[in-house]
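After this come two complexes, each holding chain A, first together with chain B and then together with chain C.
This part shows the complex of A and B:
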């Protein structure tokens, strides 16, 4: 594939996919180690009704109203979980599961009933995103990357996701030590004066920002997969958090590139005519990577080498 | 809280200002029943104090509440006469070994370096002097050969030593340990008590939640007996007596156990 075809059609979706995958995988590492992986799942479910309501109120699909809507939805979710816990008298895991899926389902119904025909927001996009539609019409080849006029028509999702990734990466880099220490040993972290409560909340907020920004581009399937699969696979490749982060970035990138290519060309290779959902394929590939590292990763057995005390 | 703190300061005895750890009116509850109720404690400086009591007596809870790991319903704690939040650099805390996930992807040396975080800060570079200090602390607990091991590959005793090494790296004046001998081998127990005694001999103060009554007199100078309420506090000779122990353990200690302790 040459530049005149690749740059307008595939460069933007591929890069967006990579940015989404990495932006979710970075906080995902800490969420998985904190045994809060479900929070990533929860966020991606809960944000949907928030985003739809934000759209219904403002009439546009833009980042800040969406973030506010998602934050509002998260608040409603917390209150609803508390309500279900108290009134329903069921265990907290079940209460969360019920609230998240109910809110997501409500979001789907709301979306179906609202007139979103003129924007990229409908039930299908909520699930699969619109990665393939991120076409850069004015690009003619690699030279367009240096052409201000062509750059002006770059799909807005790409720079939005790039800024999100930059923010997530900066957060991870700056708060690396507190995140690592408080994830490993929260009690100790508190005794040396770390504000573990706000730090944990900050991590969840950063994950939520990544989820909301990614949601618009790739839908909710890939967001769920990217929070968990690359970090979980990376954990089995190394016993050091520094390297685990690097592996998770590598796996996220690999899943995005491989998933996009396989979705676009895989069906043609096996004789089918149409391509399949890129977001779905990226999530699938990340699951396959997790499977491979679970079978062959050098550090998949934990504590097995520990001699008896 | 602040009002209480102020009134406490006015009425506090003078010795409180010198105490490495003074707790007043500490009350903590996990639900309906208080786990720790209105407990006062004044730790003597340069001593080793054991916090003793039956299971569920609030030993660990008292430590955690004093350190601000748990939020108490009421009560205050001061370290060398000042609020804990102003004295964090003088405190080293060793949590229960079972309270963390030892599968966490990190190496022994990295855990010890966590003790230097207050010096390093968010982005300060780890220099050779920091690594040398961490290695030195590992050597003091006999773990220098394990520096690059993943922590999950260690035995329980080795993990406990790594935690102690992290506390040593903090170079504190007050060492608070939660069940440091739980589930460790005999060699580790000896190594740990030797390090703690060397700290005491260097003028530091050591407070440990302890569960093995048979070693109290051998290891510790002072005893703090608790069973939700404070039962007794003082030197081993004064406090580690049959009547106090039966008070704390609610008569649950069998005669044979009491005999084995060779109490007067």
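This part shows the complex of A and C:
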């Protein structure tokens, strides 16, 4: 494959996929360890009513209103879950289930009721996005990466995801020690004076930011898969958080690249004419990676003594 | 139109679908209660998302065998198989590896769903796949349903409901007190399996009506709602079944009567409306009743403190206390005690003194534990005991200030 074909068609979706995968996997490590893995699931469901309301208010499909709407919906959901938990005195899974299904249903209903026939906004798009459509039209080859004119037409999703990834990575690096301590031993963290409550909320907010930014590029299915599968697979490989993070970044990248390539070119190899959903394929590949590590990872079992390295 | 739908006058198919939805809603409400009591509500989310690859594969297999591909029984069978595979994977991941159940649920949910999406895009490129309508399984659609399909769903929903009712007793026992269940010889793991089987049946039957993304709501919202109305398991089960039935019935009827009202979301939103009402209005656990309880308690505390202040002749600055004393006729607007107020204040102070005394006396230890600064001492001690205490107070020279 040469640059004149790869750069305009595949470079941007592939890079976006990698950025999304890593940006979700980083906070995902902590969410999985804290048994909050399903927060990603809940967030990605409630984003839908947020973007629909933003569309109804502004009448256009554009980035910032939608991001704000999605963030607002995520905030409403967090508050609603907390409210249901406090008032109903029920387990958090059920409280989450009530809130995110109701909000998603509301979003679908709003979408069906409003006239979106002339814009690209539908439930399927929200679920599995459209990674393949991120085409860089003005690129002619690798040289375009240094051509300001061509760079100006770079799909906006790519730089946005890059910034999001940078933000998530910075958050993880800056709050590394408190995050690590409070994840493994919240009682101890509180004893030495850490504010574990705000820290936990901050983690959820960062996860929500990653999910919302990723959402309109790739849809919710990759977001949920990347929050959980790479960190879960990495957890089977090591007992040390530092290595687990490294493994999860590796797995996330691998899933994004392999998934994109398999979706785009895999069908051609087996004699079919059209490509399949890249988002779905990336999620599938991440599941295959998790499957292998669950079968063969050195630390796959709970509490078992670490094997000789 | 809506009235016609609610009274089942919209034609044979719509009626059949509405009835089927109602039965399904009841089965989901009852079955979901056990899931909820076992604190495994979100397992159903993994099950429902795991149906998608099965539906798509079933379609492809049926087309490959030269069939129609849209045969509902075949599609639902495929859904059941892949949902069962997903369920097994969830329990394998959470039992045999170090992953917690929530991570197992999330990974199975997203991976199966992703695979299903891949298969759906494959089907879209097949010549038979253009009008497959498999997207309907995502959000449910009862519009223009074939008579045969409606009949299948109604019958399957009725069977599921019968099964839930049949298994009600062992499920109640296992979900409420698994240790006791084991002790009296019940096979709790097998009962759990039966519960998951029921959830699977509800999910598969509900695919066409509610859709796989929202079916989990039908299993979660009614039990959570019912929990507001009762503390008893058997009542929660029945209430939840009724609520699920109502939500599904009203939702399906509304959606049949109006265009642009997708069935699944409407059913879920009706269920959520019932939930919100219960959250606010339910006696005991509802928000309104909690608020009223809090206000009542606050008034009692303020009134009591106000009376004690009056008895000690201390000035009262706190506005709520003053207002309460005035409303009861115990004080004038400037905070001076009325005759009735002086009487009540003396009684409050005497009570408080009696309390102080018995709290220091080990002989009254049990009674003294009820002290909260509010309980009248007559409700704790007998008249004789109070007389005995009063004689001790008098001996020590009257009221301690």
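The rule is simple: the second predicted complex is superposed on the first by the 267 of 309 C-alpha atoms of A that agree within 3 Å, B and C clash if a C-alpha of one lies under 4 Å from a C-alpha of the other, contacts with A are read in each partner's own complex, and residues count from 1 in each chain.
We adopt the following convention: a contact is a pair of C-beta atoms (placed from the backbone, for glycine too) under 8 Å apart; a residue touches a chain by one contact, two chains touch by 3 or more.
Computed from a predicted structure; not experimentally measured.
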Superposition on chain A - do chain B and chain C clash or fit: fit
First (chain B), second (chain C), both or neither touched by A:244: first
First, second, both or neither for A:183, with chain B first and chain C second: first
Which superposed partner A:97 touches (first chain B, second chain C, both, neither): second
Touched partner set for A:235, first chain B, second chain C, both or neither: both
Touched partner set for A:192, first chain B, second chain C, both or neither: first
Superposition-derived comparison: chain B or chain C, residues of chain A touched: C
Which of chain B and chain C A:36 touches, first, second, both or neither: second
Touching partner for A:128 - first (chain B), second (chain C), both, neither: second
Partner chain(s) touched by A:175 [first = chain B, second = chain C, both, neither]: first
Smallest distance from any CA atom of chain C to any CA atom of chain B, in Å, after fitting: 8
Residues of chain A at both interfaces, chain B in one complex, chain C in the other: 235, 299, 302-303
Chain A residues within the chain B interface of the complex: 33, 174-178, 180-181, 183-185, 187-188, 190-193, 235, 238-241, 243-244, 299, 302-303, 305-309
Complex interface listing, chain B residues touching chain A: 64, 67-69, 85, 88, 91-93, 95, 99-107, 110-111, 114, 117-118, 120, 122-123, 150, 152-157, 166, 170, 183-185
Residues on chain C engaged by chain A in the complex (per definition of touch): 36, 39-42, 45, 93, 96-100, 102-103, 105-107, 109-118, 120-122, 125, 135, 138-139, 213-214, 216-217, 220-221, 223-224, 227-228, 260-262, 264-266, 268-269, 271-272, 275, 279, 285-287, 290
Residues of chain A that touch chain C when the two form their complex: 32, 35-38, 40-41, 45, 84, 87-91, 93-98, 101-102, 104-106, 108-109, 112-113, 123-124, 127-128, 221-222, 224-225, 227-229, 231-232, 235-236, 263, 267, 272-277, 279-284, 286-287, 290, 294, 299-303
